[in-house]
Amino acid sequence: MTTLIIISVLPIVLLYLGLYKAQKALLPVTIVGMLIALAAAVMQWNTNAQPIYNGMMLFDNFSVVFSVGSIVSTILILMLSKGYFEKISSHIAEYYAIILFSLAGIIVMVSFHNLTMLFVGIEIMSVSLYILAGIRKNDFASNEAALKYFLMGAFSTGFLLFGITLIYGSTGSFDLDVIRDWVVTHPKSHDALFYTGILLIIVGLCFKVGAAPFHFWTPDVYEGAPALITAFMSTVVKAAGFAAFYRLFSVSFSTVSSFWSPVILVITIATLFIGNITALYQQSFKRMLAFSSISHAGYLLFAIVALGAASANSIFVYATAYSIASIIAFGALVLVRQQTGTDNFEGFNGLARKNPFLAFALTISMLSLAGIPLTAGFIGKFFMFSGALLQYKYLMVIIAVINAIISIFYYFRVIIAMYFRSAERTEVLVPAYYKFVFGFSVLVTIAIGIYPELISRLI
Amino acid sequence: MTVSILLFLPILAALAVLLFKNEVAKHVAMFFAIAELALALYFLNGFVADASLQYSIDVPWIKQFGIYFKAGIDGISMVMVLLTTVLVPLIILTTYEHQYKNAKAFYALILFMQAGLLTVFTAFDGFLFYVGWEAALIPIYFICALWGGENRIRVNIKFFIYTFAGSLFMLVAIIYLYLQTPTKDYDLEHFYALSLDAKQQSWVFLAFFLAFAIKMPIFPFHTWQPDTYTEAPTAGTMMLSGIMLKMGIYGVIRWLIPNAPVGFLTWGNIAIILSVIGIIYASIIAFKQTDGKRLVAYSSIAHVGLIAAGIFAWNIYGVQGAMIQMVSHGINVVGMFFIWDIISRRLNTRDIDKLGGIAKVAPNFAIAFLIIVLGTVALPLTNGFVGEFLLLRGVFGWSIPTAAIAGTTIILGAVYMLRMYKNVMQGELNELTATFTDIKGSEKLALGIICALIIVIGVYPQPLLHISEASVTNLLETVSHKFITTKF
Amino acid sequence: MNSIANTIHAVPLNHYILLSTIIFSIGVMGVLLRRNAIVIFMSVELMLNSVNLLLTAFSVYRGDAAGQVFVFFIMALAAAEVAVGLAIIVMIYRNTNSIDINVLNRLKW
Amino acid sequence: MELQSSPGDFLPIIFQMLVALGFVVTTMFVTHKIGPKRVTKDKLTPFESGIEVVGNARSAVSIKYFLVAILFVLFDVEVIFMYPWAVNFRDLGKDGLIEMFIFMATLLAGFIYIIKKGALDWD
Amino acid sequence: MEIADILIKFGLIIVIFLISLVVAMYSTYAERKVAAFFQDRVGPNRAGPWGILQPLADGGKMFLKEEIIPTNATPFLFIVGPSLAILTACIGSAVIPWGQNIVIAGKTIPLQVTDINVGILYIFGVVSLGVYGVMIGGWASNNKYSLLGAIRAASQNISYEISMGLSIIALLLVTHTLSLGEIAQQQHGWHWNVIYQPVGFILFLICAFAETNRTPFDLPECETELVGGYHTEYSSMKLGFYLFAEYINMFISSAVMVTLYWGSYNYPGMDYMNGLLGPTWGPLLGFAVMFFKVLLFIFFFMWVRWTIPRFRYDQLMDLGWKVLIPLAIANIVITACVITFL
């Protein structure tokens, strides 16, 4: 709870700092504040938490772990933002504040114990993101991204709410435990309301996490939004979406998984193929990342299809690996774009000559995204495959393997561009903050890849 | 003292190389490679040639999934470790005449790859095996793609995709086996102890087979290989053909057949037929090649086909033959590629038809070339002979007609190899070849070592065979036992 | 005097569900078929309001106030969405002088 | 304390609406019928202080009005939350008081922010 | 409900409806008279004695004027605008308690159309709807003055609605109910809420002025800037509706203020008088008292109109947002603290 309070109060402080023109203090205050929040979250660890506020929130290990993950990722992204927002407009404090508000929503999302809080968390997060997607006010793509994101987000919220309502209608409560008990005590019930409710919730959540066939907004929004915001959306937000997804389905609906898991299975397979195959055809690195994020959503869905004891950890490991790697990718994209003015793969040509470190970091990131051993991404995929095989989902794993192979093509395009194609270019300037973020992320990626126990048994 | 030191030394070495300047990188790399060799010899010294696992390490790695860092050396591993540790310094030695751009990265990658290879050869944990398998792949990808020829990008992505695809299926199989173990871990011995039914074994077999077949490569999965060998820098080709290819063969011996013996019964025939087809096919293609490096690449497919056939015959002769032939082939093929490296470096061509009469201007080179060619075509008293003899004996035990067909590899091999030698070394000097200068310095040293090894192993293979014999026998027994216990 | 709750009980729950579903579907169709951003937006609000209606009905049927409290949350957050959404539409309008979503095809669907 | 209303209690409101509606419709109808009709083109042009009409009146207006509208929506919705609290104020006691004060403090923080930011400055 | 009850309700509704119409009509007359008084003039004096028939004459004139719907306007909305304005003005009176239950011929009749438990919210709902009439009318006219007037009206109304709502909250802390009937009962005798909530009352009063677009808050129709504001293009009875709605609103908001703060139909010593006059005449006296108070407020509205000059627009918004809202919140906080801790 302390974490959530700090994360909520911090943006207000930032807004006021912005009012009093303390531009220099913004980033340090944000980071210090978030570190305190991080500490508060860690303190919460293993305290055998019970639901608080009439069962609204539950700060158990699951929530703590995902909160910590989100906070760390956000810190990294914010460090990349040094000097970034200044170029967009003068309201820097607001951007920081909105990102933090969004983070507050995310923390609610990973800690909810009541459908009300799920909804509130999702909305706090989404509404902030609608704004963030459109912060380049004069850039048409950004505008469009904001509008699309907004319309689709609100649309999906409608589905989610209708689903929640139907669940409430049949179970009479929003509390996850009560819903679970209802399911247990009505095992043979053919309550159409309840099952329709589950389906609608799946639709709503799939929209939010960008799983096919509800993914179509994702590439446009990711492409249109400013790169760092896209980084935030595709990492922290996506992870939180899956955390919420998992939490809801594992606590409340796990006993009726025979009903919904085929649905999600189909969604998973569609997501994998659509994400991967379309990513192949992209010329823009940013758009490729957008599609790859769809396919990663597919892998993350594995944990939900094959719901088991280890699923929570799998989601966390995968999401962490994916987030960290994506942060590197987006950071590199920001730098390259600043120099070359393009998002395309060509922009990376010959990068390795002039910026070996940058190229190395990006290579590690791509390897991790592709799931090559000794990187965190491999561990994530490994966990997912293990979980799925444990549930005898062989077909799904085979399909995932095929997709993993397809993904090599587009991830390696960047590596090829950087190392094997040459282009006249000068050295890209890598600011110190970026260096830190890259270095840290690479270390974390490799560390998790070599010794996943660092994070794999936290929940 | 455990095997872990053997695995981590190359990684440290790789990092160390990165600290030095490009100019001295090769010396540093050489130093570490020799240190590694010394270490391996030290292990050999204390090695007892029975079936036990020695110098083993077994510590928890990822406990929740039952993953252990379990590695050790038994007879089979010992041979592979020796092969690796001998060839790596040799390969580094062959690069002494090259001036690679960004050399420290090059040598670091080679050393890093060595770590991966050694991990594969000593791992007794499924997960560790897989990690080593992939860890060997990444460096070679970069070596080939960064320092390779003109088509390197396209060719290498093909190579990578092929091998990665295969290994992912292997990963699935490994995870599957893990899930079947009662203790829920990746320990190879627990895998061996499993009793899966025939259908399960079939699938496991196929998944593993795909990975190994691509790596070796066996006939329909070989298409990446000639291109990659041709485009790769010579050192890369040597790593690929000399050591990495053996990962596949080793995998078949250690991971494929013992884990899925009944699957092997079902599919083994097809595998052996594919191997034999590969032999003939590759030999015929090799016959038509004019590019020397490409010719060697195809000859390599042919030889590997024979090794594969010998293993799939699955008897003591076949497997032991494979063991020794792996070493021989490693040495020979490295020598062969080095020969072509020398030629192409001096003359800027690898076209056999453009060459001729080099023996006249470079007698030392001619002798070395001849010895290596003879080793490759398995003349008695060279290393190739021992291996091929045992392999054919093994296949013979499985099926006489097949053995007969497989035996043509020796004839065909002799034909195209000797034709190559004749075209290159004999005949009249032309304008191009007249400029050829004889080998010297590091070249002489490297070729000398190779020739020495060819002859020594050819004359006295017994110690090498002795190292692996007990382990191989043990493995064969395990499999036989499993045949009996499997539910059909 | 019968209370409101009793009167509402007199109407079968299914009718409320049906009504809400119809309104919800109208909203969904509106989002999918209309091209004007504002109209789409209003359709979304229609969806939310159908949910509110249904929640209230359920809440009364169950004699549980939680459903109605949820309605409050929906309204509050819908208001926030309205604020942001209209701001985005205004921003688009200023740049393009149009709120037809067909002009928003710079990024492909 | 709690006054229970029945749907019947709302019926008179509908009556009153009907009465008012009847009044409006009748009046409109009557005035439409008995008023003179002498339309000319100039009479029907929008009034623009006698000069020619310039452009369409429905053009964009100052963003300030929009801002006010949005702020109203937000504040009004926040005020909604205070009504149940105010009515049940005594039952909720000190805890309720503190909670609502936190709520209002947040609201005020936002309020002061928008004022400081100049969102409500008209110039 | 029985038929008789329904008929009684209908009767009550029509009576109240007529009373509001008459009050509104005569408010126009009163306004001119008051204005004349303030400006030391005579005021209307031709139609009937003291000009007492003047409102009827005005009404008749409205009926007979030509109806104009400008070419550029949107005809449907152009008609809907004023209708909506008057409609919302007319239905607001439904929840106001005009007196105690009256007993006529052995039948108890409440002097309130209906006492719903969310009376205050109903009033707010109706008041919020009022802005639509103005907004739609102004927009439908397709005239720049109209549009500007309408937008001004809208933003003014909504701005003051917030402070109005907040000021009511402080009152609710005292009353614990949203039912106007109950609030009226609570103020029995002299326990008028204005004693407990003086600040709240002043806030509410100011907001009421703004909501009814009365001077000093008559920016939407300020003739010196905007010709006629949102009703520039209107003529005939449609114009009449707008003007009329303003006076009805004035009446209703006076009644609401009296109900909420000034003791409704209560007066000191009412128990004694009720005992004296019995169950029929006692409540009627209460009704008279209530009406008297309402008339006083209407007079106050007029008084202010001819005394205080109009605000500038920025002053208006500043007052609404930067003074009234903080004041209202402070009022809530203090009230809550006082009730809790004392």
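As written, the chains take the letters A, B, C, D and E, and residue 1 is the first residue of each chain.
In this section, a residue touches a chain if its C-beta (ideal position, glycine included) is under 8 Å from a C-beta of that chain, and two chains touch if they have at least 3 such contacts.
All of these numbers come straight from a predicted model, not from anything done at the bench.
Chemist: Identify the chains adjacent to both chain C and chain D in the sense defined at the top.
Modeler: A
Chemist: Leave out chain E only, then trace which of the remaining chains are still linked through touching and list those groups.
Modeler: Connectivity check, chain E excluded: one piece.
Chemist: If we define chain centres by averaging CA atoms, which chain lands farthest from chain B? Would you check?
Modeler: It is E.
Chemist: Please name the chain that ends up farthest from chain A once chain centres are defined by their CA atoms averaged.
Modeler: Chain E.
Chemist: Cα centroid separation between chain D and chain E, in whole Å?
Modeler: Taking the mean C-alpha position of each chain, the two centres sit 15 Å apart.
Chemist: Counting in whole Å, what is the centre-to-centre distance of chain B and chain E, each centre being its mean C-alpha position?
Modeler: Centre-to-centre distance between chain B and chain E: 96 Å.
Chemist: Using mean CA coordinates as chain centres, what's the chain B-chain D distance in Å?
Modeler: Using C-alpha averages as centres, the distance is 82 Å.
Chemist: From the mean C-alpha coordinate of chain C to that of chain E, what's the distance rounded to whole Å?
Modeler: 33
Chemist: In chain A, which residues are in touch with two or more of the other chains?
Modeler: Nothing qualifies.
Chemist: Please set out, as single numbers or ranges, the residues of chain C touching at least two other chains.
Modeler: 80, 87
Chemist: Chain pairs in touch?
Modeler: Chain pairs that touch: A-B, A-C, A-D, C-D, D-E.
Chemist: Per the contact definition, I'd like the list of chain A residues that touch chain C in the complex.
Modeler: Within the complex, chain A touches chain C at residues 116, 119-120, 123-124, 127, 130-131, 134, 137-138, 140-141, 143-148, 150-151, 154-155, 157-158, 161-162, 164-166, 168-169, 172-174, 193, 216, 219-220, 223-224.
Chemist: Where on chain D does chain C make contact in their complex?
Modeler: The contact residues of chain D facing chain C are 4-8, 60, 63, 66, 70, 73-74, 76-78, 80-81.
Chemist: Note which residues of chain C are touching chain A in the complex, please.
Modeler: Within the complex, chain C contacts chain A at residues 13, 17, 20, 24, 27-28, 31, 37, 40-41, 44, 47-48, 50-51, 54-55, 58, 62, 64, 66-67, 69-70, 73-74, 77, 80-81, 84-85, 87-89, 91-92, 95-96, 101, 104, 106-109.
Chemist: Spell out the residues on chain D that touch chain E in their complex, using ranges where they run on.
Modeler: Residues 1-5, 8-13, 15-17, 19-21, 23-24, 27-28, 30-32, 34-39, 41, 43-49, 53, 56-58, 61, 65, 68-69, 72, 75-76, 79, 82-83, 86-90, 93-94, 97, 100-101, 104, 107-108, 111, 115, 120-123 of chain D touch chain E in their complex.
Chemist: Going by the contact rule set out above, which residues of chain C touch chain D in the complex?
Modeler: Touching chain D from chain C are residues 1-4, 7, 72, 75-76, 79-80, 82-83, 86-87, 90, 93-94.
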